[in-house]
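When the chains are written out, they are named A, B and C in that same order, and each has its own residue count from 1.
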Amino acid sequence: MKFDELIYLLQKGSAGVNKYFLGNNPEVTSCASIDLATSKQLSFLEKGNSLIHELTNSKASALLLPKQTDLQEIACKKDIAWVEMCDPRLGFAESLDILHPTKKPIKGIHPSAVIEDNVYLGDDVYIGAKVFIGEGSQIGSNTIIHPGVVIYEEVEVGENSELHANSVIHSKTKISKRCVIHSNAVIGSEGFGFVPTKKGWRKMPQTGIVVLEEDVEVGSCSTVDRPSVGETIIGAGTKIDNLVQIAHGVKTGKDCAMASQVGIAGGATLGNGVILAGQVGVGNRVKVGDKVVASSKTGIHANVEAGEIVSGFPAMPNRLWLRCSAIFRRLPEFASNIRELRKDSSE
Amino acid sequence: MKFDELIYLLQKGSAGVNKYFLGNNPEVTSCASIDLATSKQLSFLEKGNSLIHELTNSKASALLLPKQTDLQEIACKKDIAWVEMCDPRLGFAESLDILHPTKKPIKGIHPSAVIEDNVYLGDDVYIGAKVFIGEGSQIGSNTIIHPGVVIYEEVEVGENSELHANSVIHSKTKISKRCVIHSNAVIGSEGFGFVPTKKGWRKMPQTGIVVLEEDVEVGSCSTVDRPSVGETIIGAGTKIDNLVQIAHGVKTGKDCAMASQVGIAGGATLGNGVILAGQVGVGNRVKVGDKVVASSKTGIHANVEAGEIVSGFPAMPNRLWLRCSAIFRRLPEFASNIRELRKDSSE
Amino acid sequence: MKFDELIYLLQKGSAGVNKYFLGNNPEVTSCASIDLATSKQLSFLEKGNSLIHELTNSKASALLLPKQTDLQEIACKKDIAWVEMCDPRLGFAESLDILHPTKKPIKGIHPSAVIEDNVYLGDDVYIGAKVFIGEGSQIGSNTIIHPGVVIYEEVEVGENSELHANSVIHSKTKISKRCVIHSNAVIGSEGFGFVPTKKGWRKMPQTGIVVLEEDVEVGSCSTVDRPSVGETIIGAGTKIDNLVQIAHGVKTGKDCAMASQVGIAGGATLGNGVILAGQVGVGNRVKVGDKVVASSKTGIHANVEAGEIVSGFPAMPNRLWLRCSAIFRRLPEFASNIRELRKDSSE
C-alpha cells in the first residue's frame, strides 16, 4: 500500500500519529529492522541516537520516528518518508499487523480429531488434525486448537484463545479468553509434592487446578503445575516465555512478564507487573511485590518489597550487586593487600 | 462422609492415628489448606506454630493435628473436630486419596491408536487416542497410556505405570513398574555426544539405553538421555520434577528427588536419597554421595561426600556459603576499609 | 565380525589406523566402556593414564588405543587385541556405526498421517503415524519424520533430515539438509516480544522465520523462536542439546555446541565454534566471538572477544574467576583480618 494509506490506518491505532513527511509517498509492502530494510520496506526508530549510524545508511522507504528533530532531518535529507509517532515501537507492532496479517486456519473440525462425550464447542472454532478433547470440556467461540493438542477432561478454554501444536491441558484447567498456549507447553500437570516416609517418597495427591486469567500467554515447552488443594493462578495479561516452570500453588498478579527458563517454586506469589529476566529462580512461598524487576539469573530466596530492582544470588538490590560484583573481580588484589597489611602490622 | 468414618479409614493407613476429638462429628467432603478451608472441609497442621494465626481464623470443619497440645486446645475451643496423627502431612495425603479419588480412564484401546507388530499388551491396559506403539514393545498390565504418547520400538513398560499425554519413549527404554511419565517428557533420546574433527562435530552414536527402576516419576518436559554404550539408570523411587535434564550415562541411587530445572551432566552419579533443589547443576562424571542436599542454583563441579549440604557455585558447605554470601554484600565496605588501612599504613 | 575385518573397515574411515596387534583375532560383536566391556566387546582409550587401572582389569576382547606404548604393552600382556589409531574416540564412533547400525524406519507414508494440499514430498521419505504436514510444505528426499510430528504451513525440510516424535515446526521455517530435530523440540515458535502500553503488554507480531543451516541438531524439548522481522539463524554444523532456549533473532556461527539448559536472549550473536556449557545464559544483543568457551552457569552479559574462556556471572576470564572463587570461600577469614587490622590501626 501507499505510505499515506498506512498512516491513515495507523491513525486509528493507539501509537499516536503526530506529523509526517510523505516524500514521494512510497509504496510500503513489508517491515524490516533499520539495518536490513530495503526498498518498499518500513522500519522504526525509538528515542535516542544508538541507531543513528544505521539510519544514515538505511535503505528503507519509510520510517516510524519518535519526536526527535535530528532523526527526522536525516530522514528528510535521505528522502525517506516518515511519520512521527508518540510510540514508534507500538506503531511498528500495529504496522506488522497491517502489512503482515496472520493467516488464521479455516474454521472447522478436522475429521481425525477425537472429541469425547459432553464436549461443548463454541461457534467458529478450529479443531486441528489429531486433537483430543476429553469428556466434559468446553471450548469457547473462535478458539483455535492446532494439530496434536491433548485436552484432558472438564477443561474450560475461553473465547478467542489459541492452543498451539502438541500442547497438553490437564483436567479441570480453566483457560480464560484470549489466552495463547504455545507448542508443547503443559498446563495443569501434577505439582511436585511428595511426603517423606520410611518407605520412600509418597505422592501427595494433586487435586487442585490451574487458572489462567484473560490474555495470558504461556511459551513453548513451559509447564504450569496444579497444587494439592486450591489453585495455581496466572493473573490477567501475564506473559510467560519458553521453558518456564510455574510450580503448584503459585499465584501471579496481572501483567507480569517472565523470560525464558525462569523457575518459580511452590506457593510463591508475585504482585502485579513483576518482570523476571531469563533463568531467574523464585523460592518456595516467597512473596515478590508489585513491579519488582529481577535481572537475569537472580535467585530470589526471600520476600522482595514492591518496586525493587534485584540481582544476584541471594538476591540484593541491583545497585549493590553491581558494586559487589565489580569488587568480586578484584578479590585477588584485595587478598594481597590484606596479606601485606598483616605483614606490616606484625612487624 | 462423617468425620468418624474418615478416621476409621485413616486408621488403616500409615500416618498413625493417636486420639481424636469428634465434636459434632461433622460431614467432611473435601480437603483444603488451613487458610482457605470452609465448612465440610478438612485441613492439616504440622508441628510448630507458624500457622497458629491461620488456625485461629480457620473455618475448617475438621483437622489433622500433630501431637501438640496448644493447637488441639484452640481447635477444641473453636469446636473444630480433629484427630491427632503421628504424621499429619501423610494423613492429609491419605485423606486426599479418600476424598478426592482420581478418576482413572476406562480400560481399552482407542481405535485411533496405532499399534505395530509384535507388541505385547498386558491385561486391563488403557491405550488412549492417537497413541503410537512401535514394533516389539511390551506394555504391562494396568498401565495407562494417555493420548498422543509415542513409544518407539522394543520399549518395555512395567505394570501399573502411567504415561501422560504426548510424552515420547525411545527405542529399548526399560520402564519398570509403577512409574509415572508426565506430559511431553522424553525418555531415551540420544545423548549429546560428538567427536571434534577437522570437518566439524561428528556424532558419537548413542547405542545404549535408559532404565527407570520401579516407582520413578519424570516430570513434564523433562528429558532423560541414553548413552553411547551402557545404561542411564534412574534408581527406584526417584522423583524428577519438570524441565529437568538427565544426560547420557547418569546413574542415580534410590529415592532421590530433583526439583525443576535441575541439570545433570554426562556420566555423573548420585547416591541414594540425594535431594537437589531447583536449577542445580551437576558436572560431568561428578560423584554425589548418599543423602547429599544441594540448595537451589548450586553448581556441583566436584565430588561431594555423603551427607553434605552444599550451596553456591562452585559448591561449598551450606554454612560456609551462607557466611560468604553475607560478606559478599558487604564487599564495598571492606574495599573501603582496605583503602583506608593502606592509606594509614603508607603514611 | 573378526577383529581384522573391523580394522579393514576402520581403515576406510577418518580415525587413522596406524598399527595393530591381532592376538588371536577375536570375534567382536559390540562396543562397551573400558570398565564394563566383556568378551567379544570392543572398547577404546584416549591418550593419558587416567583409565590405566580400568585397562589393567578390563575383560574387553579388543581395544582402540592411542599412540602410547605403555597402554599397548599392557594390552599385549593381557592378550587383548588392539589397533593404534590417530583418534581412538573417532574410531570408536565409527565402530559403533559398524557394529550397532541404526535401524532406520521403512520408507513410506503411514495411512494415519495427515498431509495437506500442495505438500511436496521427496523420494524415499518416511512419514510416521499421526504426522501432520501443513499446506505448501516441502520435505526433502530420504527425510524421516517420526510419529506425532506437527509441521505448520510452508515449512521446508531438507534431504536426509530426521524429525523425532512430537516435535513441532512452525510456519515458513527452513531446515536444511542432514538436520536432526529431537523429540518435543519446537522450531519457529513466536518470539517473546511485547510492547508495554497503558493497557498492558501488546504483542509485537513475530513475522520473521527460523533458518537451520546444514547438519544442525536441536535437542529434545529445546525451543528456537522466530523474530518479529528477519531471521533467527543457526549456523551449519551447530549442535544444540536438550532444553535449550534460542530466542528471536539470535544468529549463531558454524559448528557451535550448546549444552543443556543454555539460554540465549533475543538478538544475541555467536561466532563460529563457540562452546557453551550447561545452564549458560547469554544476554540480549550480546556478541560472542569465534571459539569462545563458557563454562557451566556462566552469565554472559557483555560482548566477549574471540578465543576467550569465560566463567562466572557477570562473566570474566576463566582464570580470574577461578582465583576469585577460591578467595570467595575465604571471605570470612578476610573479614576477620580486616576487623583486626582496623582494631590495631585505631589503637
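In this text, a contact is a pair of C-beta atoms (placed from the backbone, for glycine too) under 8 Å apart; a residue touches a chain by one contact, two chains touch by 3 or more.
Here the structure is a predicted model, which is why all the values come from computation and not from measurement.
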| query | Any idea what the CA-fit rotation angle from chain B to chain C is, to the nearest 5 degrees? | reply | 120
| request: For the copies chain A and chain B, give the interface type as same if over half of its residue numbers appear on both sides, and as different if under half do. | output: different
| request: Averaged over CA atoms, how far is the centre of chain A from the centre of chain B? Could you give it in whole Å? | output: 27
| note | chain B residues touching 2+ other chains are 112, 130, 148, 166, 184, 221, 243, 261, 279, 328, 334, 338, 341, 345
| note | In their shared complex, chain B is touched by residues of chain A numbered 112, 114, 130, 132, 148, 150, 152-153, 166, 168, 170-171, 184, 186, 189-190, 192, 194-195, 197, 199-205, 207, 221-223, 225, 228-230, 243, 245, 247, 261, 263, 265, 279, 281, 283, 299, 301, 313-314, 316, 320, 323-324, 327-328, 330, 334, 337-338, 341, 344-345
| request: Under the touch definition given earlier, write down the residues of chain B that touch chain A in their complex. | output: 14, 31-33, 36, 87, 89-90, 92-93, 96-97, 100, 102-103, 110, 112, 128-130, 146-148, 164-166, 182-184, 215, 217, 219-221, 236-237, 239, 241-243, 254-255, 257, 259-261, 278-279, 296-297, 325, 328-329, 331-332, 334-335, 338, 341-342, 345
